[in-house]
Amino acid sequence: MPSNADLSEIVATIGRDMADHLGGGKVADYIPALARVDARRFGMAVITTDGEVAETGDAWIPFSIQSISKVFTLTMALERLGDDLWKRVGREPSGSRFNSIVQLEHEHGIPRNPFINAGAIVVTDALLAGRAPAAGIAEIRDYVRKLADVETIDIDTEVASSEAATGFRNQSLANFMRGFGNLNSPVDDVLKVYFNQCSLRITCRQLARAGLFLAGAGTDPISGDVVTTSKRARRIAAVMMTCGHYDASGEFAFHVGLPGKSGVGGGILAIVPGKASIAVWSPGLDEAGTSYVGAMALKRLAAATRWSVF
Amino acid sequence: MPSNADLSEIVATIGRDMADHLGGGKVADYIPALARVDARRFGMAVITTDGEVAETGDAWIPFSIQSISKVFTLTMALERLGDDLWKRVGREPSGSRFNSIVQLEHEHGIPRNPFINAGAIVVTDALLAGRAPAAGIAEIRDYVRKLADVETIDIDTEVASSEAATGFRNQSLANFMRGFGNLNSPVDDVLKVYFNQCSLRITCRQLARAGLFLAGAGTDPISGDVVTTSKRARRIAAVMMTCGHYDASGEFAFHVGLPGKSGVGGGILAIVPGKASIAVWSPGLDEAGTSYVGAMALKRLAAATRWSVF
Amino acid sequence: MPSNADLSEIVATIGRDMADHLGGGKVADYIPALARVDARRFGMAVITTDGEVAETGDAWIPFSIQSISKVFTLTMALERLGDDLWKRVGREPSGSRFNSIVQLEHEHGIPRNPFINAGAIVVTDALLAGRAPAAGIAEIRDYVRKLADVETIDIDTEVASSEAATGFRNQSLANFMRGFGNLNSPVDDVLKVYFNQCSLRITCRQLARAGLFLAGAGTDPISGDVVTTSKRARRIAAVMMTCGHYDASGEFAFHVGLPGKSGVGGGILAIVPGKASIAVWSPGLDEAGTSYVGAMALKRLAAATRWSVF
Amino acid sequence: MPSNADLSEIVATIGRDMADHLGGGKVADYIPALARVDARRFGMAVITTDGEVAETGDAWIPFSIQSISKVFTLTMALERLGDDLWKRVGREPSGSRFNSIVQLEHEHGIPRNPFINAGAIVVTDALLAGRAPAAGIAEIRDYVRKLADVETIDIDTEVASSEAATGFRNQSLANFMRGFGNLNSPVDDVLKVYFNQCSLRITCRQLARAGLFLAGAGTDPISGDVVTTSKRARRIAAVMMTCGHYDASGEFAFHVGLPGKSGVGGGILAIVPGKASIAVWSPGLDEAGTSYVGAMALKRLAAATRWSVF
């Protein structure tokens, strides 16, 4: 474990080193609000379980949380529904992107894990439980606010609307699962909540803070709040390790060695069990949809701190 | 980290507790030499990086190493060929068993990872490098002997012959890859080596000892031998975590939280980075082909020692 | 070619023989209006190109046309758009039902043929061409009315509503293709038309009459109307032969030897090029979704008349 | 039905017209003996059921029969084993090439039809029935000789050897099916026969003659020999229509409208039930592996003679 001074120095060095790589990767362009984000942004924030913070770059600029929200909805749903949730969604890596929908067919509408879109939609449906979308949206937003200890986190309604207008694949997946009886609320309601949860705007600082309970074995080490049990926190981290990056989860484990979850907004949340929570952001994505500079920064951080779990 | 006394007590308790479950699962029956193994066997051995040993049950009885051999051939091949090996085999989880061969087709003969059969066959081909099978077989056997620090580890030739006589699926995979140019030696030569490496007989004690370098960041903490670099050891462990148990890798990560590799002989090797190497054996398998009692024992051990990496 | 008297006798005999098999198969039960149809119904009507009619059983009772409507919308769309339609839909058999959606993914949203649901939805979208659903629905209904020379053919609105309420798989397919840009009108509009076209109620007599132009090389031999060119009529029949019965098209060709199209309402339209148009109806379906008694009757008719094209 | 004089004129005209297209397509180059065939060859022979012959171009030059041999082995196997053969092989189109092996996996080693390689290998295994390969090879060769009424048809042993040396995909398929228990003889024996049957050298004249029994409803109209029953001949033709051209069977039915079987040697056999047997040959293949000029010539012939069955 590096000292706080060393950690600050490591993070600062990474911030400087990344300057040569800014603009790498390709910004998500399927909706205008994401496409116009400056590709050269980079931010990183690290919070240790004893409350120390180290950050660099644009750690204070909000970005679109996208799929990272799935970590928080999974935690909520497990707390609310317990292990019954696992009857509706698996916890195995999905294999290639190509197979996503054939596996859904082969496995009768049960998605492989809660971090592929199909799985996250089921989790959101489980949370919504038949209520009106607005209630579900507010609940998720408030949950993330509380974890991040910031009241100002909000939804980018332009992003949410654009997601809805272009979300044909998610419509397809949701209807497919509905056909198998693995979706209870109306498809449009579930997707409304889902698109809104993905449209939360959050900064690296806030995101690292929101994920800190996973580094604290389920308990927020700053507030002392028990977010989830130790066992469940470890299990969520395990799913992040094996399934957190679509069809590049193996690569992330191989190079970074930490449980993590990426989003097409360019953010990545990574957990160092017992030690720290890390958030990085840089909008350019690699082919698998993970932040190119963000993953590079995490790789360096893991090497410098020896924080790989392996 | 439990004290040595505590560790011995934990292991002994698990040994006693497993008595109620002996015979669970289904012994592999595709070849006679495996089918006639006593389903009620159970052994476990733990070696810590400071050389302490705790064991229980049939830890001294040799069993068929099967797919666990893939960890050792992968290490050998990476040391010999360096990262070029990754041009011929990926490091992503494979998704469902069902898709194994279609993915091989979709990905033009490049197996998803070195722990599915197709990937391990490529690794063996890389090691063989055109030599006669006998040379390759001896080399792998000697490598495992050296890691385990036991000269008597040997190949069960009856198992090797039976594997060859019934290995139509592996013949199919190897020819398929050969058709894509991802196999250099003749199919029959490569498979001969492969079937022999899978037929090594090893005990829990020996297996835990052989895997200890992975807990020691690439260096055998007892002999001081540098088996591989720290970086490579971590990466091998990462691949074990995401891909070590076919289509149940997610389950193993979820329940045990340690990098591991299972074999249809009923053995499992698990690594606690920086702390210990663990081998369990019990012949009855669950549906995914992992030792039923073995996985249960590892789950208990991880819970009692808090050794999960998450 | 049997004489008219012989044909009447053959048809009557089949009608009597089928009595032993009534109730075989399983009535489609995914919507109530189909589920409550009497499983023991059976009707058959044959119209020759010289205008002779032979019929038996319930040939005068209307049933739900379902997928047989795809023959008529394909003809309409080819007449209106010409061969450009084939840029949006293929004409190859789809292989197993299991693969339908993975092939759609593999082939970037281009369905394999116009008789699987995805393909028929594309054809309907091509016909709708951005207009309001009501216009598209009326147009298709009027087209079938004209072909059948009966003004009273109409849509069963209960069936259409039920289809819409349970059509999650079709919603999924349509959104999937929309995501690939192979659907121009809003998904809900296209599906509204599609569900309505499938809900036309028609009798065997009417259906055989409506398909007669295909036996007449594109020209209705009774009215003399040129419905489509000779070349196109032959090609539509070819697609019926290779793709008319989902994943059982090979079986139908093997046993009956005529171009045909089945629907889950229990109807089948079969064409004897140059000679006759045949419609059968019996609600019980085999596993592939083809009328069990209907296919049996067609097999007998083809054997007795030597009308197989092979 | 054109008169004999008209038919000769039609065939001669096609011969002249094809001159502009010679060299189109791509000659199979996976083995040297096929790769060195002159791409500009073109031959066509038509034999009517009353024994008239019309031919043009290189109708007298032998070429490699390749997959067209599957029609003859299927007929042999059905005669010998009866409909029990269909327990080991289906009669449905296979869908896309991409899925061939996953469908074999999904359907537990039962190939979709006897004209894809996997299916033809099963048929050959059924014929071999445990005997030595030489016996099986001689038997198939003699069968084709008898059908073609020519004693000089023989196997190109260079082609057979090359096929064996490069046939990794067929090795893979055969071992895959053996693993499912759908192959009785040793894989190498079955493949030896299979590669030899594909290496028969035959001319258009001979091939058209050999297929004439299919135009004669199972009876050779010249010799009067009953090769198979009328029912079975129709069914073989039906399988040719739906499955004769791999993943382009729909295209062939659409454009030509005749049951046919193509081979990568550039030959195509097409049947006009009740009327004629046609063989064409031109070595350049389209993307689906069917003779480019050959298919074009058949399309013209079908249009000029109105021989399409539709």
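A few points about this structure:
By written order: A, B, C and D. Residues from 1 in each chain.
Here is the rule we go by: a residue touches a chain if its C-beta (ideal position, glycine included) is under 8 Å from a C-beta of that chain, and two chains touch if they have at least 3 such contacts.
All values derive from a computational prediction rather than experimental measurement.
The chains in contact with subunit B and with subunit D alike: there are none.
In this assembly, D is the chain whose CA centroid lies farthest from the centroid of subunit A.
Here the CA centre of subunit C is 32 Å from the CA centre of subunit D.
Between subunit A and subunit C, the centres computed from C-alpha atoms are 48 Å apart.
With centres taken as mean Cα positions, subunit C sits 55 Å from subunit B.
Touching two or more other chains at once are residues 98-99, 102, 106 of subunit D.
Pairwise, the chains that make contact are A-B, A-C, B-D, C-D.
For subunit D in complex with subunit B, the touching residues are 98-99, 101-102, 105-106, 168-169, 171-176, 178-179, 187. Those residues of subunit A whose C-beta lies close enough to touch subunit B in the complex are 90-96, 98-99, 102-103, 106-107, 112-113, 233-235, 237-239, 241-243, 247-251, 253-255, 257, 259, 273, 308-310.
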